[in-house]
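The next block holds one structure in the form of structure tokens; read it before the comments.
In order of appearance the chains are A, B, C, D and E, and numbering begins at 1 in each one.
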Amino acid sequence: MDSNNTIGLHAAWVIPLLSAAAFLIIVFSMRLVGFFFSDRNKLAMLAPIVSITAILAGFILFWLVLLDVLNFDGGSISMAWLIVGPAEIRWGIFVDKISVAMIGLVTFISLLVQVYSIGYMKGDRHFEWYFAIHALFATAMLTLVLADNLLFLYFAWELVGLGSYLLIGFWWEKRSAAEAAKKAFITTRIGDVCLLIGIILLFRETGTFNISEIFHIAESGEINNAILNSSVLLIFIGAMGKSAQFPFHVWLPDAMEGPTPVSALIHAATMVAAGVYLVARMMPIFELAPEIMLIVMIIGLITFIFAGSMALVMNDIKKILAYSTISHLGLMMLCLGTGGVAAAIFHLIVHGIAKALLFLGAGSLMHSISNETNIWKMGGLRHRMPITAVTFFIGAASLAGLPPLAGFFSKDELLLSVLHDGQYVVFAITLLGVFLSALYMARVAIVPFFGSVPKNLAQSHESGSIIWVPLVILATLSAGVGFLILPLGSTYPGWAEFINPKHHFEIKPWLMILSIILTLIALILGWSIYVKKLVSAKQISQFIPYLHKTILNKYYIDDFYQWVIDKCILTFGRLVALFDRVVINDTVVDGSAISIYLSALKTRVFQTGYLFTYGAAMAIGASGLTILWWVLLD
Amino acid sequence: MNTFNSWLLFIIILIPLIGAASLIFIPKEQKNWIQWIATTLGFITMVLSIYAFAAYSHDAGGFQFANSWVWLELPSNPLFGQQAIELNLGIDGISAPMIMLTGIVMFTGILASRSIQESHKEFFVLYFLLISGVFGVFASLDLFFLFFFYELSVLPMYLLIGIWGSSTDFKTFIRTKEYGAMKLMLYLVAGSVLIWISILAIFTESGLGTFSIPALAKVGFDTTFQLIVFPLVTLGFGILAGLWPFHTWSPDGHVAAPTAVSMVHAGVLMKLGAYGIIRVGLFLLPEGAEQWAPVLLGLGTVNVIYGALSALGQRDLKYVIGYSSVSHMGYVLMGIATLNVIGLSGAVLQMFSHGIMTALFFVVVGVIYERTHTRDIEVLEGIAKHMGWVAVLFLIAGLTSLGLPGLSGFVAELLVFIGLFQTYPIAGILGIIGAGITAIYILRLVAKVFFGKLNEKVWNSLLDNKFSKQPDSNYWERASSVVLAITILIVGLFPFPFMEVINTGVNEILASMAGSL
Amino acid sequence: MNNLTLLLPEIFVVILGFSILTIDFFIPKNKKWILPCFAILSLTGILIFTLVFLSGKTDELYGGILRIDGYSLFFKSAFLILGGILIVSSVEYVNKNLSNQGEYYSILIFTVLAMMLMSSSGELLMAYISLEALSFGLYVLVAFDRYNIKSNEAGTKYIILGALSSAILLFGISQIYGLLGTTQFNEMADILGNTSSINPGLLIGFLFLIAGLGFKVAAVPFHMWAPDVYEGAPTPITAHLAVGSKAATFALILRFFISGLMPLMIDLQIILIIMAALTMTLGNLMALVQSNIKRLLAYSSIGHAGYLLLGLSALVSINQSGNFNLAFISNTNFVVSGIILHTIAYGISNLAAFLCISIIYKKTGHENIEDLAGIGKKSPFLSMVFAASVFSLAGLPIFAGFISKFYLFTGASMQGLIWLVAIAIFTSLISLYYYLRILKYIYIEKSKDSQQINLSVISFGLLSVLFIAMIFIGIYPAPLMDAIHHATDALSMLN
Amino acid sequence: MTSLVFFYLASVIILGGGLTVILSSNIIYAALGLMASLIGVAGIFILSFAPFLALVQILIYGGAIVIVIIFALMLTKLEDFRTLSDHKHWPIALIASLVTLGTIIAAAFYTPTNLVSRRGVDFDKIAHELFSQWAIPFEVASLVLLIALMGGVIMVRKTNSRDDK
Amino acid sequence: MIELTHFQILSGFLFAIGLYGVLARRNAILVLMSIELMLNAVNINLIGYSIFMNASESHRALGHVIIIFVITVAAAELALAIAIILRLYRNKSSINTDDINIMKW
């Protein structure tokens, strides 16, 4: 590729390195500061400054890369990391439109969240450490989107998981946070294991980890179909783990134990989208495995509906948002299952911005009302915290799909993509999901901000500027970014074509109207239930008590997992340990030692101490050996 | 410089011996002297061992720093004339990283041993003997001396564990240190019994009258002979490498041992077993290896899964690590069994990586045990609050153990998996699943022991008064564990220089195998 | 004409024995230390004289009754040194526990003489009578602790069974004499080499002879006296039994087998293999369950006798048939060197161990393993030497026992006895358990009192010498092996 | 032929004496049986043209050893002299001795020998051999006797030294 | 005619009788007496071989010489053994071999 030496390409690999440098600087300075200065707090601000500078520089470089991509169509650059016999593993980056878009999203949201965090995390015991992990996470996430080979991607994939683990467990002194971190890591790990198997399986067939080379080989049909299918499926399972798809979704709601900005960045906007990104990235080989595409679609659909239903009944604001995230990720997967890469990525970006906004807004809420998260204990806060309220509404409306906010466009694209694929049943169910999603968005936006203010929240007030400025920026974007779908001038032919030149921008007016109607019905329904109390939510739930209870208990999936882990795996582990101790060690190992010992005890009775025995042994020995010898010689 | 290079390995083996001998003459009251001498000699040895690795030229390949001295003339024999047992030293791409590993672990072990309570002198004397033996095994190119040094490294184990070790006593489960020491010692010598027999068989069968490994490699033994002797060799060395079902000495022994000994033992001595399988088994008996590889692979797989599951069911911190060693050594065995470049390189790198990682584990757990006098997972909770360093370093070791990219464990396990997939995909899948189970027990442990709310009352009752001012690790222990952690990171992020060397060695082994097949 | 001057070393030893007996009359009771000093100085002198006078001389006296060659020179010097060590290690024990010091030392010196004669005798009657001289000395020495009932019992058992064994041995000699017409080793080899088949009478002869010799080296099934006698005898004498009498008997057996029985070895091999296998298994097995340390070492030394028997059975290679050829005995020298090396290594280690036991016994008055508790703290040096000797006996490097075992087993496996070697190695694994048990008590168990054990200069010196010898042989056996090769060459030259 | 008669006679005496030794329950009878047996062996020596050996046999065994044994018996408990009994394991002893006997006798029959007719050895020759060829063993034998003597003295004598408590 | 076999059989029987005595008798002195029987069996064997042997006179004289040695050693052995047994008797008041088993196993 002649574009190998463009500035943008070099800028691209600098972006993650900046954050990596920031991570190292913070980690070492943490100890150095402690070493040289008795008062650590004076220099505490060093950490956010370093990390924000790095990510800001990254964000600026992003534009350079974008320009480059617009002009030269991207490219790749790599260096050897490991050469073992036939296997050559390289560290390399690959810049194309999808990755550039992701870089933009990641750097941008990271930047805002980090700025926000200065205010939100002020005074925390591990303030510097918080920013260090943020920098680490940014490094990993940026690497993930840039990686040009699967192994490198996996590398970053796992580091992202580490960042998530550390951030969820940031308040590790809380037992629930520790458990949640563990759960997140282990659940995603199951996916990762499959992902790694898939990657190695592909390597075995193609002899390379390089994504474009794999596509090349796969398209030439050199890979055995069964193996291709299974490795694609395994890769998808990896994506499911990271993107919290059913049945791996359980970790994400629990992950809300982390600080709220973390939830905004990692568990809404970026990391959880990695699965979607991975599937989108690998789409060429997914398309070679139509059966798997169907599975992707079905899983996406199930997740979309299930998570939506759970979001509808949760009471914890962060949990609602979490389930909503899962649900939307399901929607993206569903769309990918129909081949709609552009739409999925677009929704990814839109959802990322909006969800970050919502989480940060929720954080702002919680910050001012002493970390209360139950929406039913809030109310009427729109007057106390106007900026937060307005930005929150914008975010929620965007996700609900209210035109002309970004969510409307992206959802429209998604539905269009499903429709294109000719999956009418799926399309119908998706519409149900769209309805659900608008409904719970209405619920989460309405309940805390309308109604009367509870007494204990009387002191609540708007957060400081360092918190609301990011909200405003995000809200603006959330409102405006949808227009990217449209062709804007000659250099930008609209999103779909930008991502994939073969696609063209199109509009189906009836679909737009249909979705608008659905959304409006949902919003009105929400309005009437939660504000006007025309319809009692309780009555609805009593109408379907078992279903309600099931949904409230998260379909018992968490319990089932808990049971599997505690009762099955742990018990199995204990059994193996017991087997090891009792059978292998005590019986076989010690047993053989003891039997030797016992045989010695038995043998020694021959040593009677009587001369008679000794003499007899000698005499019988001498003549016995003689006879034996005689016999042997004949 | 050339003279220096040709004496380098000899010096590396000799310094610990000199240390052991000289420490005998220092009065035992001079604790500082003893510690400083031990530390200095350890440091010099480590530097030399790193130099040996760094100066190993992967372009030239082959056995470098080679030198030999006639040690004992054998009676002249009409069949093969005048022969002698020679002290034949040299390292190739496989032993070079092992030498460095020994150097690093040994030195960090000395740093971590500063807190030994009694009989410093005897401890370091025995420790140095152990070290000298380990270096000797890796540097020997002669079956006799390989065995000599192997036994030398086994020799001090009983006393090291028995005197300075610790017992496990939960009401339902008691393992005394004497038991652990005895079992470890008997097991290791049981391994050496098989090794001894196979060495004698190889020696006799070759009819050359020499123990020199390069000379014996050229012989090309009879297939039947290889089929009989290879399992003996593998079993013998495999016992040391924790081969299932002969692994039970490892958890019990490592739990009972004092920190430095656990480090060296789990970190280096277990590698010695795997190294032996490669050096003697693969190098001398390629056909046998070819035939028996599936069995070794099966056992290695069992090791991985079984070890991980057992670790899941443990209550004692050190037992978890002990079983995790069993599990991780399974990867080494699997890697060896692939008999291809990638898998074998992965196995060698895993040897290095696991050595460093498990040493780090043991340093950290040693600190915890010394401070709180318990290793019971049920009792410890939230100790990260007072032991920040310990928690972070344990986490690093744990993440290495579960194969997090960026840390050395990932590279090694990845290569093993890739190698496995080329020949035995099913085993590869099981291996990766094992890594998944590892994540479960490590994270469970971290969440349980380090995270969560610390109960101050329980903590104060546990904490040894000596450490009430500073419950976290002291500077020596920190230095020791940080050196290990940095090594893990370096290997994890920049494995290239390591792999170049390892590759050279592995290629030569495989080329010689291919040549004789 | 017989050059009787070649017997000067023996004559000097006899004179020394008598002079000690005589001097004993003239020194007062509190000056008895003069005796061992005199004995050691004289023995050293005799040793130097022997080395200078006999080196390089090869001759036979009375047509081969006694052979003066490198082999006998090696063992003569070894036994002179052993005699010195035994006397030194006896000094304190004798002073405290025994009366009749003059007789004690002179008998000890007479046994040294007997051992020297055994190693050089080339004829059965000479061998028998010197064996008896050794045995008689040991009978007396074992029972020397007259008021100790264990010593009495040990003496009684030893002499009765010894007499029985010498009756059996004599019957064997009578058969050999009668059927071969000679008792000279060389002539026997000639006759055996010429006769095609071997007859039952000779079988009895050789086996009864081997039984009698097997009694001395405590080979199964002629071993049963050993534990009891070792336990009951005064500790320095136990060392003598375990080292001196065993080494001397092996020296005799080696010469007998190589210069007399080589043609028969192919047939005899199977019996030796059985005995070796039984001996090493039983000895090491039974040692597992002992609580008396001397008894434990007795069984351990039975096990070691098994290893030496393994060497004997490997004098010719297996799977060969027909007459002598090159392959048949090509490794004999190797094996013989191995046997001698192992005898030496085992002897040194055992001497050190028994010396340690006798010092501990002197302080604590007990000989049970449990009473070793805490010695590691009470006397670091003593326990270090004890540990070293135990490791050496267990065959771990850097001590002498490792290289000697390795050498011996290598030789045996070169002769095709790899399966027997495998048994031997496995039994040495079993042996490790009880050796470690000793270490456990020395170092790990805590003692009730903290009374220090102070070593006398003599013990310290002797312990250091033995310790250094163990390590030196362990890491640089070449000089010793050189000497052994000379001895071995002398033996095979006669062949 | 006469010699054969004498041989059988001697054999009867020898074996009878031997059986008395091992079967008699009275120790004095046993001692006398031993004496008879030893004298019988002297008879065998005479039949073998070895009068010197016969003389030695009678002098040493008959004259010295049996007397020593009887003295020894006198020094020990007299009560159970008449109530000697064997081990309860005597069948094993019987088996052991029968096996040995069987081996020896079978060997005697199966062994081919290269024989000449019976002839003695000159007394002169024995003396010459003993003091020239076998001088050294003879000297060593004297050493054996010396050790036995010293041993006997040490074992039995009473000393005034400190260990006589 | 007297033949070698006669001597051998006589010797064998006496040896076996002596052996039985050594093993079966309980009185230590009787055991010693039985050993004397065994030694005499050896002597009978030796004299038998000596007079029938087809060899030079000096070789045949060797048989006689051995017998002299055997007699000497036997006497000395017996004396020493009795001394030791008497010492045991003084300490233990028994010469019964069944009582001599403080040390066993």
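Just so it is clear, a residue touches a chain if its C-beta (ideal position, glycine included) is under 8 Å from a C-beta of that chain, and two chains touch if they have at least 3 such contacts.
Bear in mind the structure is a predicted one, so any value in this text is a computation, not a measurement.
Closest to the middle of the protein, by Cα centroid, lies chain B. Two chain pairs, A-B and B-C, are compared here, and A-B has more C-beta pairs in contact (counted per touch definition above). Centroids of chain D and chain E (each the mean of its C-alpha atoms) stand 5 Å apart. With centres defined as mean CA coordinates, chain C is found 77 Å away from chain A.
One simple way to say how far apart two chains are is to compare their mean CA positions; for chain C and chain D this gives 31 Å. Centre-to-centre, using mean CA coordinates, chain A is 96 Å away from chain E.
Multi-chain contact residues of chain C (touching two or more other chains) are listed as 125, 129, 132, 136, 139-140, 143, 146-147, 157, 160, 164, 168, 175, 179, 200, 203-204, 227-228, 289, 433.
The residues of chain B that reach two or more other chains are 186, listed in rising order.
Chain contacts: chain D has residues 87, 89, 92-93, 96-97, 100, 103-104, 108, 113, 133-134, 137, 141, 144, 147-148, 151, 155 touching two or more partner chains. Against chain B, in their complex, chain A makes its touches with residues 80-87, 151, 154-156, 158-159, 162, 169, 172-175, 177-179, 181-182, 185-186, 189-190, 192-193, 196-197, 200-201, 203-204, 565, 569-570, 572-578, 580-581, 584-585, 588-589, 593. Listing the residues of chain E that touch chain D in their complex gives 1-21, 23-27, 29-30, 32-34, 36-37, 40, 43-44, 47-48, 50-54, 57-58, 60-65, 67-69, 71-80, 82-87, 89, 93-95, 98. Across the complex, chain C meets chain B through its residues 326-327, 330-331, 333-334, 337, 376, 380, 387, 391, 396-398, 402-403, 406, 409-410, 413-414, 416, 418, 421-422, 425-426, 428-429, 432-433, 436, 439-440, 443-444, 476-478, 481-482, 485, 488.
Looking at the complex, you find that chain E touches chain A at residues 19, 22-24, 31, 97-98, 100-105. Chain contact summary for the complex, chain A toward chain C: residues 593, 596-597, 599-601, 603-604, 606-607, 609, 611, 613-615, 617-622, 625-626, 628-630, 632-633.
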